[in-house]
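Each of the two complexes below includes subunit A, the first together with subunit B, the second together with subunit C.
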Partner chain A sequence: MTARERIAGNVANYVDERTGAAAWLKKNLNKVFPDHWSFMLGEIALYSFIILLLSGTFLTFWFDPSMRHVVYEGSYQPLKDVEMSAAYASTLHISFDVRGGLLMRQIHHWAALIFVAAIVVHLLRVFFTGAFRKPREFNWILGVALLTLAIVEGFLGYSLPDDLLSGTGIRIAHAIIQSIPVVGTYLSFFAFGGAFPGEVFIPRIYIVHVLLLPGIFLALITVHLMLVWYQKHTQYPGPGRTEKNVVGYPLMPVYMAKAGGFFFIVFGITAFLGAVASINPLWLYGPYTPGQISAGSQPDWYMGWLDGLVRMSPPLETYLFGKTISWNILIPGLIIPGIIFTGMALYPFIESWITGDKREHHLLDRPRNVPNRTALGAMSLTFMVIAMINGGNDIIATHFDLTINQIMWFSRIGIIVLPPLAFVITKRICLSLQRKDRELVLHGRETGRLVMLPHGEFIEVHEELSPAKKFALTQHEQPAAIELVKEDARGVLNPKGIRAKIQARLSSANAENIAKPTAAEVKELESGHH
Partner chain B sequence: MSKELEPLSDPGLPEHIHRKADIDPIAAKRAERQVAILFSLSAVGTLLFIYSFFFVNEDLFIFIPIMGSTNAQQLGIGIGMAASLLFIGFGAVHWAKTLMPDQEVIAERDELKSEQSDRDEFVKSAKAGAESAGLGRRPLIKRSLAAAAGLAGLPAVLLLRDLGPLPGNSLNETSWKSGTRLVTDPGDRPIRPSDLEVGAVAQVMPELAPGKKRTLENIAKDAVLLIRLRPSEFQLDAERFSWTYEGIIAFSKICSHMGCAVALYEQSTKHLLCPCHQSTFDVTRAAKVIFGPAARPLPQLAITVDADGFLIAKQPFTEAVGPSFWERKS
Partner chain C sequence: MKFISKYRKHRFARPLLLLFSLCALGFTFSVATAAPSSNSMAADARSTLIEEGQQIFLKGCSSCHGLNAEGAGVGPSLIGVGAASVDFQVATGRMPMQDMSQQAMRKAPVYDEEEVAALAAYVASLAPGPRAYTNEEIKWERDGNTAEGGELFRNNCAMCHNFAGQGGALTQGKYAPTVMGVEPRHIYEAMITGPQAMPVFSDKTITPAEKLSIIKWIKSAESEPSLGGAPLGRVGPVTEGLLVWTLGLGLLIGIAVWLTAKSR
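Up next is the complex of A and B:
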C-alpha cells in the first residue's frame, strides 16, 4: 500500500465511522444518467445560478444599497458633480474604479439572462417530451415556482442600481401594486415606505434580492435535484430502453467529468460575454428622477412579454361608486400572468385527467406522437412571442420603419387569432410527421436510386430501416379515447354529467392519431416483398 | 386504456463500437496530449488575467473591430478569465469523451411506491400516534389549538404595519396651489409667456419656498409640461380654454397610465407620447387619449400670469395626477 493510499484510507475511515457515508456512496457513485444534449439545459440553469451567487457576492462588497443623496466624485467625467443616490454612485464606482468590477457586473447580468433563458428552454423540453408526467408532477411544480421566482429576482436585480431606466421599471411596478383593488394604495405605501419613490425601496428589495430569494432558490433547487436523483432521470425511447430501466453513463467518472467540465464551459462563456459584450451601460442613462425618461425604455428580455401585454391592453378603466378599477393594468399585469402560471403549474394534472392515464412514465414522448400537447405548447408559445414582440414595438418601429400603431394593432388582433391558428397548424404537422413515420417503417427510406426493371418500369429503391430504428418509431402507445358513459346498465345517469362530457370530448381530441404500424402489418409486408 | 396491438419487438441495445483511443495506444496517447494542451491553455488564460490586472494601464483604450474603443484592462482580465475557465471545461469534456469508458450501462429502476406492508405499518403507527395524543377524543384541545395558532399569525402581519404611513389624501395632492409660480427645471427660474415660442415645450416645476429642497416625491407628482400653440389650434371647451394662457397649455407630465414621464412631443401632430407603453395624447384636445393603454387624459393645470408677468397656477390640479388607484374619484 502506498503512503497516499494509506492517507486516503484513513480519511475515508474517519469520515465513514462518523457518518456511514460509504454505503450510500457505493450505491450512488455508479448511478446511471442517460445522455442527451437536451438534458444539458437544466444544467445550464443550475450553473448560471452558481455563477450568479459568485459574481453577486463580489458585487455586494462595493454596492451601497441606499437612496441617500450623494454627489458623484468618481472617475466617470460626464456625471461628475451630479447629485444621485448612493446606489447609483456605488454602481458607477464598481464599473469604473474597481478592477474587474465592470466585468463582474456584466457577468452577473449576462448570467441572469442566461439563467432565466435556460429555465425556460428546460421547461419547454420537459413539457414537449412529457417528462412532467407521473411521478414527476412535484418537480414540475417546483420548476414553475423557480421560473416565477427567477423572473422576480431578475427584475429586483436590475432595479437595484437606481439609474433612469431601472427607476422607470420600479415606477411601473409601483403602478401595478397601486392598481390592485381595495388594498393597492395601502400596499404601495407600505412597500415604498410612503409616496413614490421614497428612500427605502432599494434597501428593501436589496435584502430580498441577495438573501431572501437566493435562500428560497437554494432550498427549491436542492429539492428539485434530490427528486431527480431519487426518481432517476427520464430517457428517450429506443432499443434497449424501457420503463423499467435507465440506460446511460455512470456518474463516476464520465458524468462527473462531463458535468464538471460543462460548468467551466458555461462559466467561461458567461465570462467571455461579460468581457466583450456590453450590457446595461447604466452610466449612459443618468440617475433616476421621476420627471425624466429615455426613449426606447426596454426591460430585460424575460419581462418583455409582460410589458408587451400592458402595451397592447385596451384603455379600460371603470369608475363605480367613487372607486376606480384599472383593468388596463390589472388584466395584463396581474390576471393574465396569474392564469398563465397557475395553468402551467396545474398542467400535469389536467393532462392526466384528460387521458385518464395514472401510470408512471419514465420514457419520454416524441412531441409528434402527442399532437394535442405539442399543439397546446405551440399555441402558448405563440401567445408569449406576440406579447414579447409588442414589448419591443418601439424598437421594431424605428428599425423596420413601421408605425407603433401598426405593430400594436397587429399584436392586439394577432394575440387572439394566431395562437389558435398555431394550434391547428402544429397538430396537422404532428399528424403528418406520424404519417411519415408510418411510411418509413412500412416502406423504408427513399434512397434516390432509380432502377429500371427488365420490363422497362422505373422504380425508386426503398431501403428497409434497421430493426432498431423501426422499434424507435413504433414503441410508443397510442391512447384510446375515454368512452362517455351517459347512463349505466340500470339506466342511472352518470353523476359526473357535464364533467364526464368535457373529459370524453377532450380525450377524443387527444386520441386523434395516425395509426402506427403494427407487427402484423410489418410482417405481412415483409413476407409479400422479400 | 390504450388500444395497444402487438408492438414491434425490441432489438435491445446496439453493440458497442470502440473508439479509436480504446484500441489504438497511439490514438490514446494523442488524446492525452490534447487534453493536457487544453489544460495548459487555461493556465495561459490565468497568466493573461494576472498580467492585465497588474500591468495594463486602466486608462488605456484600444480599438477592436465591432466592439469599437475598448478598455484594455477590462478586456484583458475578462478574456483571461474566460480562457482560464473555458479551457478547463474543454479539457475535461474532451478527456471524458475520448479516454473515459463510453460503454452505456443499464440500471434497473425500482418502483417508487413503498411496499404494501410498509404502507400499512405507517398508517398504523400514524394512527397510533394520533390516538395516544388523544386529538380525536379531546375536541376542546384541537379547537383551541387551531384558534390559537391562527391568531398567532396575526402579530407577524401586524408587525409589518409600520413599513409605511397610511396614504391618507396624499395621492390627491400636489405642491401646486393657486398663485404658485411656474419655474424652469433645471434652473428654478420663473417664466414669462414670451420665453416660450409657438411650438416650444418646457418642463416646469412649482416654485419652492426659499430654503426648501425639491424631493423626488415632489417631482413624481409636480412635474408639468408647458406647450405653446396658436390659440386657434385648440379644440377645447370654454372652461379648459380659460385654463390656457396665450396659447400656452400645461399638463401633468406624469402618465395617467403607469406614471412614466410623458416626455415625447411631436411638434407636427401635437401629440404627446409616453415612451413606456406608447399612450398617445392629443394636446389640442386637452390631452385626450387617442392611442395606447392609458384610460384618462393627462390632468390639465390652469395657468395665468401674476402682476409681474410671470406664469402662475390659477388653481391646484382638479384631479389626482399619475396612475389610477382604488380610491381615485372620476
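Up next is the complex of A and C:
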C-alpha cells in the first residue's frame, strides 16, 4: 500500500464511521436497472435538460432582458441603425459578435425542441405500457406537471428575444389571457404591467425562464427520479421477471457507464444540429413592433396544436352583462387544453376505477394486451396531430398546393371524426395481434418450409416457440368485466346507481380480449405433437 | 398540356408575326420617305410599336380581355392599367393566363422583351396609366438603404410575403409568391400596380426612394448566405419541428435501441 492509498483509505474510513456512507453506497450502487431502449427516453429528456442549463447559462452572460429602446450598431448590416429593444439587440450581439454565440443559441433552441419531444415520447412509453399504474400514479402526475412546465418554459424562452415572431406569440398569449371571463383584463394588466406590450413583460418572463422554472424543474426532476429509485423501475414481462424482482444490470458500473456515454451522445447530436441547421434565424424576422405581422408566423412545435385549435375555431362570441366573451379563443386556448391535461393527470385513477384493479404492478403491459388503453392513446394522438397540422396550415397550403380553407375544413371535420375512428381501428388491430399471438403459441411459427407428405399432400412446417417466448406471450392476465350489481341479496338498490352502470359498461368494453391460450390447451397440443 | 398550348401558340404566332412586321416595315418605310422629319419619325415608330402590340394583343389576349382590351367575360378591362401592369404581367409569364386557376402563376414568359414592349405600348395608348420601367432605371444599389427597406418590408409586405420574403398563403387558395429572384423592375411594378390580391402602393404610401430601399433589402436578403447552417426553407418553426421529430429523435432513439441491443 502506498502512502497515498493509505491516506485515501483513512479518509474514507473517517467519513464512513461517522456517516455510514459505505453501507448506503453499497446498497444503492448495486441497485439494478433493467435494460430496454424505451427506458432511455426519460434519460434523453434528462440530458437535454442538462444541456439546456449549460447552454442557457452561457447565453445569460450577454442577454439583456430589457425593453429599453436602443439603436442597433452591431455587425449585421441589414439592421444597422434600426431602433429595437435591448433584448433583441443583445440577441443579435450574441449571434454575430460573441464567439460561438450563434452556435450556443442554436444548441439551446434545438435542445429545447428535443427536450419536449423526448418528454412526449417518454410519456407515451409510460402510457402505452401501463407504467403509470399503482404505485406510480404520483410519478405520472409529476410527469404531467413537468410536461406542462416544459411547454411554458419553451414558450417563454422563444418569447425573450423580442423579435417579430416572438412578439406575435406574446400577442396571442395576451389575447388568451384577456379572454378569461371577468378577471382576464385584470390579469393581463397584472402580467404586462399595463397595456400590451408595455415595458415590464420581458424582464418578468426572463426571471421566470432562467430562475423560477429551472429551479422548479430541478426539484421536480429530483423527486421524479427518487421515486423511480425507491419504487424501482418497471420491467417487461419475461421468464424470471416477476412483480417482486428487477432483472437488469447493477447501476454501478455497467449502467452508469452506459448512461454517461449516452449523455455525450445526446450532447453530440444536439451540438451537431446546432452546427449544421439554422434555428430561429431571428435577424431575418426584425424587431417586434405591434402592428407588424408576418405570413407564416408559427409557434415552436409543442405549441403548434394550441395554435391549430385557435385557428380552426369558428368565430363565436357572446355579449353578456356588458362584457364580450370570446369563445373562439377561450375554448381552444384554455378550456380544451385544461380538459386534456386534467384528464391526462387523472388517467391512472380513471383506469383503475374502470378495471377495478387496485393492485400494484411492476410488470409492464404489452400495448396489444390492453386494447382499450392503447386505442385511447391512439385517439388522443390523432386529435393532437390534426390540431398540429392545422397549426401549420398556411405552410402546408403553399407547399402542397392546397388552400388554407381546404385544410381548415379538413381539420374541423377531421378532429371530430378521425379520433374515434382511430380508436376503433387501433382496438381492432390490437385484437388481431392478440389472435396472432394465440396462433403462434398454439401452432408455432410458420417457417415457410414446405414438406411433401408420403401421400402427396404439402404441408408447411410450423416451428414450435421456445418456452421463454411462449411464456412471454401468455403471462399476462386478462381482466374480467365488473358485474353490474343492481341490487344486493336483500334487494337493496345499489347506492352507486348510474355510476355503477357507467363503470360496468366501460369495464366490459375494457375486458374485450381474444382469450389467450390456457395452460390446458397448450398441454393438449403439445401432447398431440409427440 | 402546357407544352401543347405553348407549341400551338408558337406555330401560329411566328409566321403571322413575321408577315406583320414585314408589312409594318414597308408601311414605315413609305411613310418615312414621304415625310422625313425626325420628330414625326419617332412618333411613327411609336405608332408602329402600338400597332404591333395591338396585333399581338388580338391574337394572344383578346380572347379573354376583349378585342379592344375593354374586358370580356374572363379577363378584366385593361384600359388604364398602364404599361407597368402589362410589363409585370407578361414579362413574368403570368399573362397570357393558361389555366383559369385561383391566380395567374409566374412561369416562363411567352413573349420576348420586344413583344412585351409592344403590348405595353398598345395598352398604354388606350388610356394613361403607370409607365413601365427598365432594370437600369431603377438605381436601388445606389439610392436604396437596406435597413430602412427591411423596416418598410416588415411594415407593408411581410404580412403576405413572410418576414424573409418567402411568400405565404392567403385565403381561398390565393397566395403571395416569394419575392426572391424577382427582377428589380418587376418588384417596382408590382408595388405600383398591385397585381391581383396585392394592394397598390402609391408614391404617397411608399415614396419612390423608399421603394428602392425595399428592393435593396430584398436583394440583400436574396444574397445573404444562411448564417446559421441549413436554412430549412426559411419558413419558421414548422420545418424546425419536423427536423427534430425526424432526424433528431430518430437518431436518438435509434442509438438507444442500438445501445441496449448489444447487451442481448
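Just so we're on the same page, the second predicted complex is superposed on the first by the 520 of 530 C-alpha atoms of A that agree within 3 Å, B and C clash if a C-alpha of one lies under 4 Å from a C-alpha of the other, contacts with A are read in each partner's own complex, and residues count from 1 in each chain.
Methods note: a contact is a pair of C-beta atoms (placed from the backbone, for glycine too) under 8 Å apart; a residue touches a chain by one contact, two chains touch by 3 or more.
These figures come from a predicted structure and were not determined experimentally.
Enquirer: Which partner chains sit in contact with A:276 here, subunit B, subunit C, both or neither? Use first/second/both/neither.
Expert: A:276 contacts both subunit B and subunit C.
Enquirer: First (subunit B), second (subunit C), both or neither: which does A:40 touch?
Expert: The answer is second: A:40 touches subunit C but not subunit B.
Enquirer: Quick one: is A:240 in contact with subunit B, with subunit C, with both, or with neither? Answer first, second, both or neither.
Expert: first
Enquirer: So, A:317: does it touch subunit B (first), subunit C (second), both, or neither?
Expert: first
Enquirer: Which of the two partners, first being subunit B and second being subunit C, lies in contact with A:228: first, second, both, or neither?
Expert: It touches nothing on subunit B or subunit C.
Enquirer: After lining up the shared chain so the two structures overlap, which partner does A:519 touch, if you call subunit B first and subunit C second: first, second, both or neither?
Expert: Only subunit B; A:519 stays clear of subunit C.
Enquirer: Going by the contact rule stated at the top, is it subunit B or subunit C that touches a larger number of residues on subunit A?
Expert: Comparing subunit B with subunit C, the partner touching more subunit A residues is B.
Enquirer: So, does A:296 touch the first partner subunit B, the second partner subunit C, both, or neither?
Expert: The answer is both, since A:296 touches subunit B and subunit C.
Enquirer: For A:340, is the partner it touches subunit B (first), subunit C (second), both, or none of the two (neither)?
Expert: neither
Enquirer: Tell me which partner A:286 touches in the superposition: subunit B (first), subunit C (second), both or neither.
Expert: Only subunit C; A:286 stays clear of subunit B.
Enquirer: By the touch definition above, which subunit A residues appear in both interfaces, subunit B in one complex and subunit C in the other?
Expert: In subunit A, residues 35, 102, 249, 258, 261-262, 265-266, 269, 274-276, 289, 291-297, 393-394, 404-405 are touched by subunit B and also by subunit C.
Enquirer: Report the residues of subunit B in contact with subunit A in the complex, numbered from low to high.
Expert: 1-14, 53, 58, 67, 71, 73-75, 77-79, 81-93, 95-97, 100-102, 104-109, 112, 160-161, 163-167, 170-171, 185, 203, 205, 216-217, 219-221, 223, 253-254, 257-261, 263-264, 275-279, 289, 291-296, 322-330
Enquirer: If we count contacts the way the header does, which residues on subunit C are in touch with subunit A in the complex?
Expert: 102, 146-147, 150-151, 154-155, 158-164, 166-173, 175-176, 217, 220-221, 224, 226-232, 234-245, 247-249, 251-253, 255-257, 259-261, 263
Enquirer: Given the complex with subunit C, which residues does subunit A contribute to the contact?
Expert: Going by the criterion above, the answer is residues 35-41, 44, 77-82, 95-96, 102, 106, 110, 113-114, 117-118, 121, 164-165, 249, 258, 261-262, 265-266, 269-270, 273-281, 283-286, 289, 291-301, 304, 392-395, 397-398, 402-406.
Enquirer: Considering the complex alone, what residue numbers of subunit A touch subunit B?
Expert: 30-32, 35, 99-100, 102-103, 135, 168, 171-172, 174-176, 178-186, 188-198, 200, 231-232, 239-240, 242-250, 253-254, 257-258, 260-269, 271-272, 274-276, 288-297, 307, 310-317, 319, 322-326, 328-329, 332, 355-357, 360, 362, 393-394, 404-405, 408, 441, 467-468, 470-471, 474-475, 477-480, 482, 517-520, 522
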